[in-house]
Amino acid sequence: MCGIFGVFGSPKNEAAKWTYYGLYAQQHRGQESAGIVSSDGENVFSHFKMGLVSDVFKKPSSIENLKGSLAIGHNRYSTTGTSNEFNIQPLLVKTRFGSLSIAHNGNLVNTIELRQKLEEQGSIFRTSTDSEVIVHLIAKSQKATLEERVIEALLQVKGAYSLLIMSENQLIVARDPNGFKPLSYGRKDKSIVFASESCAFDLIDAEFVREVEPGEIIVVDVNGIKARKFADEVKKTFCIFELIYFSRPDSRVFGEFVDKVRRKFGKFLAIENNSVSDVVISVPDSSNTAALGYASTAKIKFEIGLIRNHYIGRTFIHPDQNMRDLGVKLKFNTVGGVLKDRRVTIVDDSIVRGTTLKKLAKLLRNAGAREVHVRISSPPVRFPCFYGMDFPTSKELVANQMTIKEMTAWLDVDSLSYLSIENTLEAAKISLQNSNGEFCDACFTGNYPENVPPNEKNIFQKC
Amino acid sequence: MCGIFGVFGSPKNEAAKWTYYGLYAQQHRGQESAGIVSSDGENVFSHFKMGLVSDVFKKPSSIENLKGSLAIGHNRYSTTGTSNEFNIQPLLVKTRFGSLSIAHNGNLVNTIELRQKLEEQGSIFRTSTDSEVIVHLIAKSQKATLEERVIEALLQVKGAYSLLIMSENQLIVARDPNGFKPLSYGRKDKSIVFASESCAFDLIDAEFVREVEPGEIIVVDVNGIKARKFADEVKKTFCIFELIYFSRPDSRVFGEFVDKVRRKFGKFLAIENNSVSDVVISVPDSSNTAALGYASTAKIKFEIGLIRNHYIGRTFIHPDQNMRDLGVKLKFNTVGGVLKDRRVTIVDDSIVRGTTLKKLAKLLRNAGAREVHVRISSPPVRFPCFYGMDFPTSKELVANQMTIKEMTAWLDVDSLSYLSIENTLEAAKISLQNSNGEFCDACFTGNYPENVPPNEKNIFQKC
Amino acid sequence: MCGIFGVFGSPKNEAAKWTYYGLYAQQHRGQESAGIVSSDGENVFSHFKMGLVSDVFKKPSSIENLKGSLAIGHNRYSTTGTSNEFNIQPLLVKTRFGSLSIAHNGNLVNTIELRQKLEEQGSIFRTSTDSEVIVHLIAKSQKATLEERVIEALLQVKGAYSLLIMSENQLIVARDPNGFKPLSYGRKDKSIVFASESCAFDLIDAEFVREVEPGEIIVVDVNGIKARKFADEVKKTFCIFELIYFSRPDSRVFGEFVDKVRRKFGKFLAIENNSVSDVVISVPDSSNTAALGYASTAKIKFEIGLIRNHYIGRTFIHPDQNMRDLGVKLKFNTVGGVLKDRRVTIVDDSIVRGTTLKKLAKLLRNAGAREVHVRISSPPVRFPCFYGMDFPTSKELVANQMTIKEMTAWLDVDSLSYLSIENTLEAAKISLQNSNGEFCDACFTGNYPENVPPNEKNIFQKC
Amino acid sequence: MCGIFGVFGSPKNEAAKWTYYGLYAQQHRGQESAGIVSSDGENVFSHFKMGLVSDVFKKPSSIENLKGSLAIGHNRYSTTGTSNEFNIQPLLVKTRFGSLSIAHNGNLVNTIELRQKLEEQGSIFRTSTDSEVIVHLIAKSQKATLEERVIEALLQVKGAYSLLIMSENQLIVARDPNGFKPLSYGRKDKSIVFASESCAFDLIDAEFVREVEPGEIIVVDVNGIKARKFADEVKKTFCIFELIYFSRPDSRVFGEFVDKVRRKFGKFLAIENNSVSDVVISVPDSSNTAALGYASTAKIKFEIGLIRNHYIGRTFIHPDQNMRDLGVKLKFNTVGGVLKDRRVTIVDDSIVRGTTLKKLAKLLRNAGAREVHVRISSPPVRFPCFYGMDFPTSKELVANQMTIKEMTAWLDVDSLSYLSIENTLEAAKISLQNSNGEFCDACFTGNYPENVPPNEKNIFQKC
């Protein structure tokens, strides 16, 4: 759950600026920290800090100092309890071949085993990220070129990775053979750009070329662009949660616009589980499109019943406990005129812990809703993710602990239903015509694509 | 264009915290600066700063130090070119009767004349706000009570004012006889609260009692609440722009939920000027409700065609000029799947300068829209506002300079139409059943409710 | 206890920069806040903040924005318990004649009476400073010119004032008829400068011309420099504490270099009260010169027995109470080699509360001093100051509460003696040949130069 | 040129606070950055930042969060051109044995060779410090205990190091066999403390036990304190510049109070090269003691002729070039009364580039000094230092480029003389009775204690 952006061959000294915009457009993928490393072919420049992109690069000089036509950047997601400055990416180190920096989206699943092996050989670690393992493997490789060293490293790691790797004069891009996480490839005039989501291209007027393919490595340098497969073909397991919740609706992910898939989820949900109500509302902004799809198929009026306050920031003073439910009220306000005396269907994209939804349901009732029906445009999240999605432990996943009937009671709503796993996959498959509908649905089914060591979770920072 | 909040009789030392939440809920009414003055009955405490509410009160101590059960607060709107720290409100001064603080929403129209008179008597001014004139008039009054001094002052000023005035132990609230600006009166247990918009009440679980009436003054102190009219009745002239654009849709303003009026504007607009198109989109978030109303009456599908980026902040580094149209793209991104090859109707609430809309139209075309039809849920803004709405000079108002046909060409869209003034007033009148439909529509018609000196504008800070 | 600086006629846009340096050189006169107001002849620019000069003007733009060839600046001293942002000077207001700003060093003694009168006429006050009274009196004057208005105002106030007053195009300078506080007049090429202390001139290579005389007003504008007496001659009462402690030793104050007077205090002290000891040390840095004078006359070796840590700042985390005496140890460390097994005479300039000295004496003993003899190069401070020196109340002045014998026991030292009042005045008189030895010695004798209302103290901010 | 502090066995959670005070007392040894790592026996806590100790630990929580009874800290010196956040110490990494942190004062001379070897084995480097090499060597060692791993590492490095190394539950301290840099060992109740200079002990009321010996390693853990030699005895080469300039005069360094040695330098200088003058002044604060020693032997009056401004900070706005010599004037002001018409001898501790001294000499003349005689209490600095002292290249060392006669002319002074190398060593030898007078004097003589590769300098950060 991070965002990455890279550029090779920008006009002089523009690479860091493009990367800045690319990170800004992908701010939703990670708000804890941001960083950019650039190169002018000889020297490497960097700036990192905890905070939003616009805070990290508050001073114009923070970007102007990052010279060169080559740059990579990274937005890190905040994972509860373990945030610290050491983990800010891109990681930047010096090896015998010069400087090496890396921006990583995704999580490895054999980190512990690899790290132990490396530590036994005397390697030292600065961070608690799995990404640092990749850096060590590259540095240890005896291969002749950076490309070969990267491949040798990647063949040892398992799990999810969309990677940008940068030396003083090369940009190397790679995606794991399963293709868990998205990675887009674009072009702006003669410059080559990469980003987790294509919305980053729109901002700088770059054009979308294609997705980097699973198992593909692309080397960009003064000799041009060289792309090839570095791993044997395996079954694709695109992260379906990117489509359900995480990516921006205006991005292409896995090759298609996200909002199309989300509207389809809403439509299928309406077919499966229509509700008898006067009005359909969404939880803004993430479930807007699914709610619109639901409403149009269900033929119920779509209205804006919740207003989101966008001024809430990290610095908000924590409210006292005397004001119950204040947290959710700081974020959402109900629109009385829409809700009063109405039967309300509220569409949300997913339920993780369920605490926010429970409070929202209560707000709706306080605003006069006569009935509250909850419709979720994905299946129940019952299992943790080891590939980068920041779900809590099974015990904290409400759908792991309760039946839907129990949840309906606990949420104190009139009805609750989810989109079935079959229709979820079908909707995704229809929308993404080129994808063959090959998705990782482990968070719903527990069927993990690879053998994941049971203790792997909660040890390394996700990204 | 500012937001105010006041409380009398909160539980011990809670007044500043309530005011903080009240200002936070009204952040949209002013982002330049924020301030709170509180009183424990003997001593007065204050904290002000440039910035958003959550920045101004970043440190918990900044609120905890504001002791007492009485407080008023203010959010100031940023007016181009003249922002400075001297103008932060509430104004707090010392007079022979003790401390006096004031929070003002609205603009006076006889400031110059009054200020000259005061300066000739040796009064000194710290700020460039018209609000300071009111403070001087109160301080100069020889009347026996603060209430009488306030009334004497108000009878000398002309224009728009919703006012909160505070001494060590009284909260006095007043609204100009025309009732230009809204002012809500609420209650939470035994505490009395006031706010520009009722959304501030929702956040602290206070209940809406009624609007403060035009020409009414309310005195709250240990002896209770005393309300009376201080001025002769005049024709009401509620600011219709509060309904069209400025207030939050979940607020009650002039006694009714704003979103109801806005949906009605959209519906009437569709009746007047339906477009032949495949999809209706809004400019989020201000025109969402009007667009929904339009779509439902026009029977065209409503979709989310523009995504708003909420991470953009004050600290955003200004983009260079090489990237044309970057400003609007930092704020909005198009959703390709919704727009491509479609005939698109975009509903906006109003056009002021028109530059943003022109860029949005181009973004829509670049995203593949086949036709772009613009529908505005209010009449053309042709005249400046002297009562607090931050419109530019007539020359900068595009509807003052061009015909609708010229604007259509300039915007480079397929069609453009506005809601008529008649239907605007009718929609507002229907929605606000108690209002008698008495509105100030000077920005559309040039019919100002009072004689405004021609040079009044652009001299004093608006609020 | 504040520092002021003003300039007229600097090269284009340099006035604020000179003032910045002038305030920096006088930082010792006030560390709570700093501010500069400048004028380019038409517009007035200002920047103020709490903090040291180098913090207040941290960004280059904070000075560059202050355009023009005319400027005044002010450093405010921190007075316990009442520091706040409203009191930052220069005060800047708008009157019917345009903008007016004022920087004031000294304290008035009839503030309450004047303020009551002004408030009864409806004047409002923003600050708790006596300086604001002067602004009101000037604004209320009906005289034709600013100079005459200033004079009319000054003839109403009593007490200490060295004043810089600025309109868009005039700099007016005035000093009270008693001449309590110093005020130097200098020149750099064609520019005229003023400062509390001449050390401010050295930094910008300006030359010292003379002191502004008691009761003199100087008007500087495009017509040149006009100086005259505005008040009848009265007995001079120069503040002797400026010479004893407050001014920098490298400044000219009351016309002579301060270090000369201080060395003389030390020499006279040795004649009066020599000690039998092995080494003389000072409390750095304020008593260095007096200690050198003492040592040379007493013919005892001067050594550096205490090292002062200059890294201690406002932001230092307050130490816990488990570490006794940590406060003074953060500031001073003993030099073991100088003190061990020695009889030590420590010279200090004055004793106010005595708490620091008591802790220093203990540090000296802990470092191995066999005997500790305290010599003070001024008389016992027994009475509060109403003219600007920030002494505490009589009860907190240790010399008001104890005899010298009692203090010796309380300080736990082997001997304690002070310079007599006669020799203090004689030393000052000899050193300042032009002064006629006319000093305010009220803090030692209780003989105040004017009738001071008993309740005047502790009400208004000192400066 | 850095400062280090370590503690084992403090009362619960006090270790970080003691370290904070220890770093504060040693702020003069490094102002670029500061950091502390602490351990509660299981978990390791850290906080680092660019800036002064009091800025880095501005928030009380920044220290409170550093739990445990074991901690080490580091102040880094600013070296021109290469300062960056990666180099902040203590370095903290994770190895197969757990966390490892290190604080290092001194410079290695075989860094390049070791680093190449490590990089060839695939080690990656984050910093440009030589200290990181030590960390890698420790991590790579296959020895059974941390103590043995540290020894194996140290036997591979050459150069200067006073080291604090910390695991979760051990504090290991080591000093290079030459003993270039000082390292003091102290005790406070049952806690063991270490610091570069003993002044750090005074602040926390710890007592000085002894210096850590050259070639000694000390292991402190729950089993107690174990000290032993880890290397064969070699000739000691204490850095004589610590005595001449770098250490605080109130510290014990190499076993003796620094101020004693410095006074002796001054006395010997007077014997060698007395000047005929009216007054002796120092360059405060570093040459105060030497100047006092000089004056007493030369029987010339010591006076304070230069005042140092301590408000100058990192944030000071850089003066423009129109004001020549402003830099030195911001730092020093002349005392006119002391200098005018006098023959002045100014004592300084050393001359590196000579630019400041040249400007000071001019200031003295401008203040009226009739003659200016410069006396330096050490020999000419002619050669760079490879062991940690931040001298520039030979070309920038004025004494390397000019004869004394040429320097006298260039400085524009009446005479210049230095203390001879013989008397420098003799004075140090007499003062440090236990030292056998074994010093590194390479900066004066070019006789480096070890073979230093010619390109070693200017590549790695000094500390």
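Order as written gives the chain letters A, B, C and D; numbering starts at 1 within each chain.
The working rule: contacts are C-beta pairs under 8 Å (C-beta built on N, C-alpha and C of every residue); 3 or more make two chains touch, one makes a residue touch a chain.
The structure presented is a predicted model; accordingly, all values stated were derived computationally and were not measured.
Between chain B and chain C, two chains of identical sequence, the interface residue sets overlap for the most part, with shared numbers making up over half of the total. For chain A, the chain with the farthest CA centroid is C. Inter-chain centre distance (chain B to chain D, centres taken as mean C-alpha positions): 61 Å.
Computed from the mean C-alpha positions, the centre of chain B lies at a distance of 48 Å from the centre of chain C.
Annotation: 37 Å between the Cα-based centres of chain C and chain D.
Residues of chain D in contact with at least two other chains: none.
For chain B in complex with chain A, the touching residues are 17, 20-21, 24-25, 27-28, 52-55, 57-58, 60, 63, 199, 202-205, 248-250, 252, 257, 259-260, 285, 288-289, 292, 296, 301-304, 307, 309-313, 315-317, 319-320, 323, 326, 329-330, 333-338. Residue ranges on chain A touching chain D, taken from their complex, read 86, 92-96, 100, 116, 119-126, 128, 135-136, 139-141.
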